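Single-structure report; data block below.
Naming follows writing order (A, B, C, D and E), and every chain is counted from residue 1.
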């Protein structure tokens, strides 16, 4: 791929890969079990901040700081969000949203010497040099995550998560502890979020509370998963590439805020038109061409 | 102490007004309207445009803001809520997207920079060492008037009672001759109007800027979650808890202002999901 | 004079067909009962008349096709409905519950309220009580009262005796008879309690598995134990 | 004969309302017991208490001699009790096979993730309730009501249930479907499963049960052979009403 | 109306950017919807137009590509990547705010594209230049760093607040940002010992604060004579509430929103009485003929906000010409070391009435500034020692009057008005 496209396009693809990882992370929890998380930037932020602080302030090399960051994300997220799993529906979304806002406030106030306060942390060690290497790393990560999740979702565990999204009581009625299942889903989601967040921090080299714990960021993640197609692996990737490329293609034509206006409008219309996402649209197009009825769950 | 009391009362009145419209939709439409903050955004900017940029009288500004809010509410119900047919997750997410789109729209029309509204009623008086502007005093008094009016409307009029009825039992309401759909539409309109009005006051108290919809949304969420669904009294009480807490924390450690509100939301949701004053869901 | 005609009405709840080609007619001022076991489709039939369920077939009220109208419009045309689970507004007072019932008949509130209070003096006494704190019998009264507040000429009552003590059933039967005989309302009652239905209604329909399997006067149905057979088999 | 389920002096109060009033009965292994009563008598509440979805106010529930009052629903299911619901609740976007698979899953994350699903077991369970192998790959959302009942039975059997609590198994079925389910249940009885069945369709229930208990307003009013219970004056009155009402 | 204009402007700018076959490409990075971002963009655009009219640079025409940051760090990184890799610009002019500049800094180091920052003033970036001059060679900052803000203020405190007004103690109201922390530290460390003013209390507030009433109460209760305000984010809120609440103390300090002409409009007229430090050229600051010419062009070309360029507009206008001059001398932008060397030599002297008025130059490596005793390589050169003979004064104190006018109150050499208390302060 690097041979065929411009370097600028590669950069866009890198962004899309990371967004795809975040969207897949969101989807494992929210797209499958139906527990909508409005706090995913919270998890991603923990991962990003952990590795940034460890490598920048304590000199831990990235090969240790990234795994540590992932563990911290899983642990921190678990401690905080486990009680939230008792709550259903909109309330779950709100608790997670509150956590994100809380984190936004706390990062700036608590130990600004470590977190860099509002200004954030800059000069985080880069793992790669140049667009090609960055692209290879990002694509490898994305495909690795996608493959891992795909394998996991093919297991009975994946089926059970789906089932929770359809009827949690019936899953319990089948003798399964849904709390344990949800916790596991959450851990997997946190793992992917922590991983994505940590690598992303090393890729951008900078992070700031306003860029991470932010409703716009949350919006991008959720919209990527949803307009791509929730509950699938390919959907969030599809959605992430669609959104990021839409934004970049709009940049030369509409350089300013108009871009977000158009972009948000497109997202809203797409979502309203087909809540199952682009994957479903592509599917129905293909079905129409082929004229058959193919079971399409990926 | 007196200062905290006075300032707490004033801020809380404003918060109660802001939260009221959100509560209506949450308890009657059973919908989490994440674009609620956008009513405040649009209300504030419409008022700014009419009064401060066009130089029209204040009453025109208020009328324009409230009309814009009501229209937005009605359109949102028709175009999003009805289209998505009660799918709560889809509505929440669509409203979130809508709020972000509206924010981009405001940036497009008015730019990024903050704007301050002229005081609606200029002047200031010092009470017990606390400065009280006539502006915020007016805002608080009007808040109270609107809240009382809303309370009377809901408890005394046919439409108001029908709104309560729909929130408690939609089927029961339908077979009493109430069209839940129409009541929902009216509720969305009122909510939009209240939000826009709250937006004018909120902006005249603070500032106008494209991201201003987030803070009031979070406050509304806090108030309604902690107060519990469907309780005007709960909304009022909790608006005061949040307001006093903010003022109290501000005078103790101002940089922690928002932290406690978030902790309150989380704690209440985890420990008592129906809210401090709410009832257990009947269904 | 036909008030209500139902022709080939079928209704579905998702996959389950709850009504199968039901046809029946009701004359003005008549009191009829629809009897059947739990799950036979009685509530669905009434819900279908009120436009609360997706249906196939026709419902005519005073000769006018009301199929596909919204519930509120049907109420406006003079049909009152007291559903099985009451669907009251639990955190509103008795009075407010009744006033919601008057949504489509705001000019006749005083008259209707007076009539309801005469029928159920207890509701006048407990005007300011929240219905969530009331007993089943009282809720039944509020439910009937609320239906009457819309000035109906047709009253649908779903399973009024569920969970009620026999004594209360007796009082209820009297009230329903008064509504029909003295006030000229057309009353349609569904019942599992067949004897209650027989004591009340001039004509009965037997509903089994979503179908009308028998119909006639109480005397007709008492012969051969048709009702008992519909419940208990041979 | 071993007693599979023993319910003694079960009481459930909701506020002032008594939903279950001092109810006691036993169910022997391999036996089938019908639980009848008019609408609102409290049959489903009894089920919920046996499954642990509702906690009883007082009284005990013993399963093969062990008091299961303190166990959670999944623990009771693991012991071998299963129930079906009045309205079937399939996982509609999953296939029939996957629905059965959820029932078959052990409550262990490790084996859920690393273990393999047992296709032959799935086939066997599916076929045992009358699905063809081809049906197993249908989406549950495409099934008709009778098939949904079958699916729910298969999923419950998959959890390893030996004692099955069936709530209104015939509701919403056509006559053809009723006889299909009825045959299926007869077959399961022959294979030694224990049943507690609730149905309003008393004639359809008749061939499926050994004995019956009738309850009204949470209180037992009759117990014994089905035909005797049906002939009982109180039972008839509970359905048909007292003959002196309204006179 | 404005929407349509904006769209057309955006579309045509986009088309121009993609179709014009220019040989030298300048990239703009900054917010396209903020006044400060637009100041830089327009300042640079006017400079480019003038250069092109005069025949271009090295015989080539100059064109501009814009990349919006939306004042978001991650968007800033993407914007820099876009300029470097998709638009492949030769030189970047930045109107980014501090944290956005910090965000794209690693990209700048990676791509080594000559970059001039006109708004970011974070001293930490100058420290990066000192630490690693080679990798930071493409970076220049032509606004005085944060430190200059506070140092001039000490003199203002001693000569005006203490000597003229008789103020003895101060309460600091600072936002909880790195900027707030830095300025607070400088004021507390220097104001007390040098100017002889006691710090009664330091109150740090959350930048999301919308209700300053309790905070002003707290400030009043501290018993101090005046308030020193440090706010860069949402600073209209604190200043307008100060006016609306008629807080009976003087308030001065650093109020970033008060640095532009739009301040009066944005506060709806609730902004009088506030005084703030401002980098020059500032609102209320008399201009030399060249800079005045720039303002005239600006105002005739753009009749929307910002009404006159902020100081970073001047920095962009003069700085872009310096960067092009350096490139001409160095044979283009590609040899970064050569360009850096030529850039350091740039020294633009602007005279008014035959006297040195403004000077756009840069500190050399190793050149020590006397007051702070440290170096500021590749940063705008200024002089803290009176009588400001060899450089621009870098900072002035301006005050907004209650009638909406604004003027310089300190240093006295540049003063156009006098420092006074708001009418409600007795």
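Quick note on the criterion: a contact is a pair of C-beta atoms (placed from the backbone, for glycine too) under 8 Å apart; a residue touches a chain by one contact, two chains touch by 3 or more.
Just so we're clear, the structure is a prediction, and the values are computed from it rather than from any experiment.
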Neighbouring chains common to chain A and chain D, by label: none
Target chain E, source chain C, minimum contact steps: 2
Most widely separated chain from chain D, with each centre as the mean of CA atoms: E
Result of counting contacting C-beta pairs for B-C and A-E, higher pair: A-E
Rounded Å distance, chain B centre to chain C centre (Cα mean): 42
Centre-to-centre distance between chain E and chain B (centres being mean Cα positions), rounded to whole Å: 37
Chain centre separation (chain A, chain B; CA means) in Å: 31
Centre distance in Å when chain A and chain C are each reduced to the mean of their C-alpha atoms: 54
Where chain A touches two or more other chains at once, by residue number: 105, 108-109, 216, 256-258, 260
For chain E, residues contacting two or more additional chains: 6, 33, 176, 206, 208
In chain C, residues with contacts to at least two other chains: none
All touching chain pairs, where touch follows the definition stated at the start: A-B, A-D, A-E, B-C, B-E, C-D
Parts of chain E lying in touch with chain A, wherever the complex brings them together: 6-7, 10-11, 13-15, 17-18, 32-33, 66-68, 70, 72-75, 77-78, 81-82, 84-88, 98-99, 102-107, 110, 122, 128, 176-179, 181, 206-208, 233
Chain C to chain D touching residues, read off their complex: 13, 15-18, 37-40, 135, 159, 161-163, 166, 169-170, 173-174, 191-197, 199-200, 209, 227-228, 231-234
Partner chain A, residues of chain D touching it in the complex: 51, 73-74, 77-78, 82-83, 85, 89-95, 98, 101-103, 105, 107, 109, 112-115, 117, 137, 139, 155, 158-160
Chain A residues within the chain D interface of the complex: 152, 155-157, 159-160, 162-163, 166-167, 169-177, 180-181, 184, 295, 297
Residues on chain B engaged by chain E in the complex (per definition of touch): 3-4, 7, 10-11, 52, 107-109, 111-119, 122, 124, 129-131, 133, 135-136, 202, 205-207, 209, 215, 246-247, 250-251, 254-258
